Amino acid sequence: MSQIYKREMVFILAGVVAFVMILDYFFGKNIPGISGAGNLSSTLQTWALIIQLMAIGLGAINLIQVHYRQISRKTNMALYSAWFMVFFAILLLLGFYKLATGVEPYPYTWIFANVYVSLGATLYAITGFYIFSAAYRAFRARNIDAAILLIGGIFVLLANAPIGEVIWGGFPLIGNWFNNVGQVPGMRTFTVVGALGLLAYGFRALIGKERGFYSEVQ
Amino acid sequence: MGVWIILDTKFVALLLLIAAFALFYAYMALAKGGMKIKARTFPAVAAIPEAIGRAAEMGRPVYYSTGMGQGTLNNQLNGPQTLAGISILGYTTRLCAKSGVKITYFTMIADSLPLVEETMRTAYMAEGKPEEFDPAVAINFQNEQSPYLTASLGWIQREKPASSILMGGFYYEAVCIGEAGNTIGAMQIGGSANTHQLPFLVATCDYTLIMEELYAASAEISGNLDVIGSLRGEDILKFFVLILLGLGFILALVNNNSLISLLKV
Amino acid sequence: MSGQNIWDKLQNVDRRVFYWILFIALTVPFLSPIGLPITVTPSTQSFYDGLKSIQPGEVVVLSINSGVSAWGDCLPAMIASVHKVYDQGGKLIVWSIGYTDVDITWAKIKEKLPDVFSKWKEGENYVYFGYCPGQETNVALLATNIRAIYPKDVRGVSTDQIPLMKDINGANKIKFVLSSDTGDAQMYYIRQWKNGQVNYEKTGKPPTVAEMGIAMNKSGDMAYYLSGDEFGLVAGSRGAAELEALTGYKGDATITMDSISVSHVLLVLAIILTNISMFATRGKKK
Amino acid sequence: MIENIAVAYPTDPLAIAGLWTALFLMLAIYSYPLWKENPVYRFAEHTFVATALAIGIIVNLQSLMNTAVTPLMKGSFLMIIPIILGLCMYFLLVPKQRWVSRYPIAILVGSSLGLGIASNPLPSIINQIISTVTPPKAGTAVWAMFPGSPTGDWFSFAFVAVGCVCATTYFLLTYEHTGPVKPVTIAGRYFIMLALGAYFGNTVLFRFSMLAERGQYILKVLGLVPL
């Protein structure tokens, strides 16, 4: 049985959208109807945005499934999952009230500022700990590779902290040179080869040769 | 330029794009036609079966994530990386299904969920065990980067995965998940094309795929000759870049601007 | 494990020991700041020069693509540059394509600059549009049609009614974008606004982009600064401290520098120790 | 002399409770690295996950109203298409019809790959080559290793050019790193390591600033430094 709409049509749609984007980038100015507000490419981008926004429900369903599983199987995480469900439901109700009336209830504002934002900052900063221990292990001069990593890292560290220039005037000089020049070859090559990889990957994905994008599913 | 195609500075870019696609196509055709092209082996890819084998031996699960990826597939920097990560996820899941290892995929990209679920389900079906696939165990979605990190950290300490595979568009979570995995002694394989996270993946993981290696890895896994052919296309482009660099360097020494003005057309 | 000497132990210190020392070392300097002198790097200097080139009445976009979580690195630079835009008599459009908590960040900026916002009139001197999701897609749309994304500002005033927005509906009337980033959002402006498909023929030049990035992205941003895609770069709290020195507005970045110095010395000492212990144990094993 | 604009400590009991709640949750999270995974951490973890999901749903619904529903009501009937496409995603939950969810994904993937393919070559390949082969102008400060010395500029220029050549060679995918290429790729590897080290160094500054801000927050809540 021909099931062209399950595979081939999907690739064709992706290809058409990609082609519009490419046309828009290169010839947008010259082809009427492609570029600019309200035209094909920006319409497609608005569509993509709306799809993105609507996808969160799928995520919510997954997360509720995960926690429901914990509760129904009475695992040692069941209590926390129950707390998740309750707190989530309360907050969602508050949010719906906000959407319906346009007035943000005070508990919602309070939770947003003191729980959501604050925990966000906390998690973001937690990296400080991990980076310390990562540096402690990575910056051991086990071999030449690691030694170069170490040299690059140490000089930049001491160039960034004001104490570096107090210790020795050469630290900011050399450290900033590593920053402005020393890292450029590696960085620039990353950029170039990354872009090449992206081109090849995009090409393969759009012609249906990439496993990640539905090339194997039935 | 007086023609109607006024490209500004994009003319060279367009030429490059066309040349690239022509090269990819040509080498894919050549490889299919029997030209011998062998991709360099990536230790990180070769280590994946070992990582799954380790999990099977220890009877522990596998942690997999494609990173934060700006929360959507529709992001030109991270979307392709997420897709490449999902390619490798398909391969990894299949290995897990074969040896009866539990794999849990952590993500914060809601719009990738259909793709992920179908990819993982296909992997289980290919091993003849579709009934073992349970989305509530295999996929763990969190809405944002920090919750995704919190949940990952908690899960890693509670479940103590034997291996942890991080492939995709990572941001600050890379170093945290990497170190958390290190604490419990997990075998770790990383890969990203986000330059700013590479130092941490290199520092915390046992094996790392750097930049285009991430994209190329799925080509290598597929083992399809024609797909590997496109990698040769990339190499030819690299030679081209090298020639331009060399030529430009020499011209710069004699203070000749012609190459630069040519590229800036 | 009785055979372990001090070097062996040093190599396998429980990481929590470091974590505690680090956290304390970062916190204590705030109690009595010293304020070590700092030199200004060229990228910050050219950022400042860009701010100084604002003529009265010119419009600048501040794109807050950093969240409350990155205040330590991002907020001081934003405060200093908003202050400078005010000093130069420029006008400011503020929005965010990165974080939902931008309202809190913007409130904090206003709170920290009472002298500016007691004189500036909302809608005339500045306009604040708040957050919109969509990342690069959004930036591409903003280049040609701001009203499609922001039909009204945060107060609910229709964009058409805002005096500042009278002739502005895209990138073409903007002098430059100041992008405060924890990620790659400044690249969206470079790609979509500076090098993008917008037709600037009638209006002259496309807007330039300057970056107030986190220090982590300094190396990456530096490449775009050197290639000319960004006219200036303030990297992290260190860059912000330099900017504060240049603008004469001393804020949180200058204070944070002490804590940075202490913690960096600590890390360097730890690295030196681990290397010594590694070489010591390596000799023993042979 | 350091002057900092101090914001007054709040007097509203709810605001004070907020400060302390935030502090409690922060310490709950930091109990993970500073001690170990524990019930308090789990509580904070689940609280955070629930909060973020609920807020995310509300924010997305609000944006959906603005970008899709309101225009639809006002007569932009085309907006029905993306809404239908968005609903198609939910066919994932219908076992026999999962393939329907592929169409919205195709649009997202097409858009990201299309934009990526089109807009990457110019800044990421061509501009990078141009920057590499542009000779230094005399006295350009950023390039100068030793300010005032013209040779510093040229040294840096040569360093970058040679480094780019070596590092690019390192990335060759379909040629083994043997024979005459080998020393070049090894050198390329060193250039890459230097870049990674410099990156690492910069990141430390950023992460420590963040953590310092959190430390400062404790002092602020305790009233030891001004808010």
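Read from first to last, the chains carry the letters A, B, C and D; within each, the first residue is number 1.
Basically, a contact is a pair of C-beta atoms (placed from the backbone, for glycine too) under 8 Å apart; a residue touches a chain by one contact, two chains touch by 3 or more.
The model shown is predicted, which means the values in this text are computed figures rather than measured ones.
A.B. asks: Which chains are in contact with both subunit A and subunit C?
C.D. replies: Per touch definition, common to subunit A and subunit C: B, D.
A.B. asks: If you check the contacts of subunit C and subunit D, which chains show up for both?
C.D. replies: Both-contact set = A, B.
A.B. asks: Between what two chains do the most C-beta pairs come into contact?
C.D. replies: Top of the contact-pair ranking: A-D.
A.B. asks: Centre to centre, using CA atoms, which chain is the farthest one from subunit C?
C.D. replies: The most distant chain relative to subunit C turns out to be B.
A.B. asks: So, what's the distance in Å between the C-alpha centres of subunit D and subunit B?
C.D. replies: Centres of subunit B and subunit D (C-alpha means) sit 17 Å apart.
A.B. asks: Taking each chain's centre as its mean C-alpha position, how far apart are subunit A and subunit B in Å?
C.D. replies: Centres of subunit A and subunit B (C-alpha means) sit 14 Å apart.
A.B. asks: Return the distance between the CA-based centres of subunit A and subunit D, expressed in whole Å.
C.D. replies: 6
A.B. asks: In angstrom, rounded to a whole number, how far apart do the mean CA points of subunit B and subunit C lie?
C.D. replies: Averaging C-alpha atoms per chain gives centres 29 Å apart.
A.B. asks: Counting only residues that touch at least two other chains, what does the list for subunit C look like?
C.D. replies: Touching at least two other chains: 15, 19, 22-23, 26, 69-72, 133-134, 136-137, 187, 195, 215-220, 223, 226, 236, 238, 260, 263-264, 267.
A.B. asks: Note the residues in subunit D that touch 2 or more other chains, in rising order.
C.D. replies: Within subunit D, the residues that touch at least two other chains are 29-30, 32-34, 42, 44-45, 48-49, 51-53, 55-57, 60, 63, 89, 92, 102, 104-105, 108-109, 111, 113, 115-122, 125, 128-132, 142, 164, 168, 171, 192, 195-200, 202-205, 207-208, 210-211, 213-214.
A.B. asks: Among the residues of subunit B, which are close enough to touch at least two other chains?
C.D. replies: Only 9-10, 13, 17, 20, 72, 74-77, 80, 83, 111, 113-115, 118, 142-144, 146, 150, 158, 172, 179, 195-196, 198-200, 202-203, 210-213, 216, 231, 234, 238, 241 qualify.
A.B. asks: Looking only at which chains touch which, which shape fits best: line, ring, star, complete or other?
C.D. replies: Topology of the interface graph: complete, with all chain pairs in contact.
A.B. asks: Under the definition above, what is the set of subunit A residues touching subunit B in their complex?
C.D. replies: Touch list, subunit A to subunit B: 22, 25-27, 29-30, 48-49, 51-52, 55-60, 62-63, 65-66, 68-69, 77, 119-120, 123-124, 126-127, 130-131, 133-135, 137-138, 149, 187, 190-194, 196-205, 209-214, 216-218.
A.B. asks: For the complex, which residues does subunit B have touching subunit D?
C.D. replies: 9-10, 12-13, 16-17, 20, 37-40, 72-77, 79-80, 83, 111-115, 117-118, 142-144, 146-147, 150-151, 153-154, 157-158, 195-196, 198-200, 202-203, 210-213, 216, 228, 231-232, 234-235, 238, 241-242, 244-249, 251-253, 255, 259-260, 263-264
A.B. asks: Which stretch or stretches of subunit C touch subunit D in the complex?
C.D. replies: The contact residues of subunit C facing subunit D are 15-16, 19-20, 22-23, 26-27, 30-31, 33, 35, 42-43, 69-73, 100, 111-114, 131-134, 136-137, 151, 187, 190-191, 195, 214-220, 223-229, 235-238, 250-252, 254-256, 259-260, 263-264, 267.
A.B. asks: Provide the residue numbers of subunit D that touch subunit C in the complex, in ascending order.
C.D. replies: Answer in residue numbers: 1-5, 7, 30, 33-35, 55, 59-60, 63, 66, 111, 115, 119, 122-123, 127-128, 130-131, 141-142, 195, 198-199, 202-216, 218-219, 224-225.
A.B. asks: Under the touch definition given earlier, write down the residues of subunit C that touch subunit A in their complex.
C.D. replies: Against subunit A, subunit C makes touches at 15, 18-19, 22-23, 26, 36-39, 41, 67-72, 101, 104, 133-134, 137-138, 140-141, 144-145, 148, 196-197, 199, 215, 218-220, 222-223, 226, 236, 238, 241, 257-258, 260-265, 267-268, 270-271, 274-275, 278.
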